[in-house]
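Both complexes shown next keep chain A, but they swap its partner, so chain B is in the first and chain C is in the second.
Moving on, here comes the complex of A and B:
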């Protein structure tokens, strides 16, 4: 085991390989407050990559209804349970949030790599603590769709009184869109006995070499997000390839510029923003104040990693849904949730402007600028003053040229009277 | 009897068994399996490769003693060996897909058993298989008199589904009782009380105990299932037993002439006048008896 630094945990941790970081890292931010569970992303991915024989139950991108849904079923609860058994009562956070090296404080518990050391069987220690889902768990990708929590815990037949109480609802659900997180410390890569999984040095995309894979399914067992899947017809494991030809700028539509993946581009709710971020030598994000992802993750701190305690340093970040009870969100996104929700609920003018960039252009945005506009609205949100300015945010592509220009206030177009009822 | 396998089932069962062996210390055996498996990836032709995987997994299915477990359980039911043409094991993805079925065509009686891969590693594998084989043996047994179609005149599909469900519950109880699967008793009772919730508890107990002890044939089970079946009342908006369309215009027995009743029973032998029908069907069948052969002009 090597000792590597995991900034999401705010501390070094054990990992089977030495740290090696790409020149740029594929990353994305999803705003869960906006997801309507339409599955456009799911179908965009399906129709691009997994439409062939043997891939019938394979969804590289999926949207599940939390808290009960999951693909495979209960993937997160099962892994959390394994970690809890390995380290009873010890999976907690401490310390105080600091700079980009420890933005959420310090994780005091054990990661999937650390907990695996104690999980020794006659074949030796596991590389990462995990389990192999059953066929049945893979078969119902959309089970529990739209199922909310209905009753107080342990009282199945009694509905909540005032279920809509604010700021957090008692009866609630939300959609969690997921794909491979192209982790900085991938558990799938660590576990592969054939060294068939690699992380690309140019963009950090994690791929499975189909020529080397021999279908041991150790990656499926190890990946805590269960985003490596077995295909019975080729007898190899497959996973999200982050639409790498698009990220490389080889899609003709991009005019040579890196483009966002199919799932990001197809999102009709404009919940997704994908980018490439530069890294320091220790794997932390290089300061880049005007990069939209850097801003959302490290400045505004509204976008948080999914289950950072697993320890793989996932590169998918989520703006948590503001109506969901905080204890649930803290377990899912770590201790940064409280501040993130507070910030998102009463956004300042820069955050409001950057949020407009989501889903506005298929090309990847590398930098943004804000052109200030007049104040157009003012109110009070739960005792806090909120001001809205009609600023304009401008996004720039890899070549420094403008790719998007959006005003905060949505323009209103009034049809002339003679065309009032036509398009 | 010919034994046939679904390749996907064999591959996943052997893989899971090898994984179990590896975790329990028999790494050499699992290593040998993986080494043999790996060589097949070198085959460029996909058909040849698939064929190679199938043969390898049949071989390992036998070597790991999995085939012997299936055959030993099947041998407990001589009727299957005598009368079935083939026994096929196929993969089920979910628990609700598991079970045995008999497919009959002229000159062939093929038994298909659908199983989850994980089922082979579970403690209850043999009891489950025995239970399913017992269903098949009943279907092959002339004395049982199995009939695949369950009919109830004029019943809409939902009522038929309810009847089938009740029949399945009853049949499961008799099989569990016959096989002395005491571990199943509580689950059977729970299903039984759910399916026959309208019966008083005393009657439920009496019926359940009788089913557990005795071995009623198909007709007997069907009679029990039907006996607690209540026909859907002629409610406004309910389905007409003849055309199945919802109706608010019911024609009762008194509104139908003997000619119409005869005409309906010609098409629906199990229909009774008190079941009623919609006004439109009543009119149609009344008219059909009044119809004259067409006049031909030459």
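Moving on, here comes the complex of A and C:
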């Protein structure tokens, strides 16, 4: 075991390999306040990467209804349960939030790597505490999550058929869109007995070498997010490849510039913003005040990692849904939740402008500038003074040229009915 | 294919988890969706269509459980709160 620094936990931790960081890291922010569960992202991914034989139950990108659902079923509850059993009552946070090296304070509990050391079976200790989901848990993505009705055995589901045959959920819920987090300390990579999983030095994308993989499924067992999946027809594991040809700028649509993945580009709710961030030698994010992801994660601090306590340092960040009870969100996104929701509920001038960058252009934004506009409105929102300015945010691509220009009060242009679908 | 077909009658197949609270937050959720899509320049009628569409299950659940009148009122209140006129073409200069 090596000792590596995990800035999301605010402390060093054990990891089976030495730390090695890419030149840039693939990362994304999802605004869960906007997700309406339309599954456009899911289908964009499915139709690009997992439409072949043996991939029928494979969803590299999925949207699940929390807290009821999960793909595979109960993935997070089961991993949290394993950690709780390994360290009863000890999975807590402490310390005070500091700079970019410890923005959420310090995690006092055990990560999946630390807890695994004590989980010794006849096969030896696991590299990361985990479990292998059953076929049934993989097979029913979204089943009963929103539609408490089922089809007769052997027939296709007809979700919208009424009436429901089971009680409907009447309490709070939200949609959680997920894909591989391309972690800085991937548990899948740590657990692979074939060293078939690697993290690319240029962009931090985590890939499975299909030539080396023999389908032992140790990655599936170890990944706490359960984003490595087994394909029976090839007898290998597969996972999200972060649409790497697009990120490399090889999609002709991007004119040579790095583009966001298919799932990001297809989002109709504009909840997604993907980018590449620069890292310091210790793996913390290099200060880059005008990078939209740096701003959202380290300046505004409205975007938080998913289950940071797992210890893999995931590179997917979420703006938590503001209507969900805080204890649940604290467990899911860590102690930064309270401040994130408070800030997001009454967004300031800069945040309102940066949020406009979400979903506006398929090319990756590396820098933004804000051109100040006139004040157009002021009021009190939930007891706080709110001023709205019609600023314009300008996004720039890898080559420093402008790729997007959006006003906070962006005008709407409606196509006439006879040209509704023409391009 | 899995070894066992999923049986809709099997209670173990339910996505059942214990919730920390039974708090009903449908109204703040609906408010949030209205504000988000308002910021994306949807007008009140377009936002209402979102709630009426059964494909958008979250908003639609609110429309089903609380009724269209409730949703219409919430949309009107939210637009007014953030200074948007009902016709969405002009901004209300009401400092509440």
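The rule is simple: the second predicted complex is superposed on the first by the 386 of 423 C-alpha atoms of A that agree within 3 Å, B and C clash if a C-alpha of one lies under 4 Å from a C-alpha of the other, contacts with A are read in each partner's own complex, and residues count from 1 in each chain.
Keep in mind that, in the parts below, a contact is a pair of C-beta atoms (placed from the backbone, for glycine too) under 8 Å apart; a residue touches a chain by one contact, two chains touch by 3 or more.
The structure presented is a predicted model; accordingly, all values stated were derived computationally and were not measured.
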item: Contacts of A:198 with chain B and chain C, given as first, second, both or neither; value: neither
item: Greater chain A contact set [chain C / chain B]; value: C
item: Chain B versus chain C as contact partner of A:235, first or second or both or neither; value: first
item: Which of chain B and chain C A:139 touches, first, second, both or neither; value: both
item: Partner chain in contact with A:396 - chain B first, chain C second, else both or neither; value: neither
item: Which superposed partner A:214 touches (first chain B, second chain C, both, neither); value: first
item: Chain B versus chain C as contact partner of A:17, first or second or both or neither; value: neither
item: Touching partner for A:244 - first (chain B), second (chain C), both, neither; value: neither
item: Overlap of the chain B and chain C footprints on chain A, listed as residue numbers; value: 57, 135-136, 139-140
item: Touching residues on chain B, where the partner in the complex is chain A; value: 8, 11-12, 15, 19, 22-25, 27, 34, 37-38, 41, 53, 91, 93-95, 116-118
item: Contact footprint of chain C on chain A as seen in their complex; value: 31, 33-34, 36-38, 57, 65, 67-70, 73-74, 77, 135-136, 138-140, 143-147, 149-154, 160, 165-166, 168, 170-175, 269-270, 321-325, 327-328, 352, 355, 376-381, 388, 409-412
item: Touching residues (chain side chain C, partner chain A) in the complex; value: 2-9, 13-17, 19-26, 28-29, 31-33, 36-37, 39-41, 43, 50, 54-59, 61, 65, 81-83, 88, 91-96
item: Contact set on chain A toward chain B in their complex; value: 57, 121-123, 132, 134-136, 139-140, 214-217, 232, 235
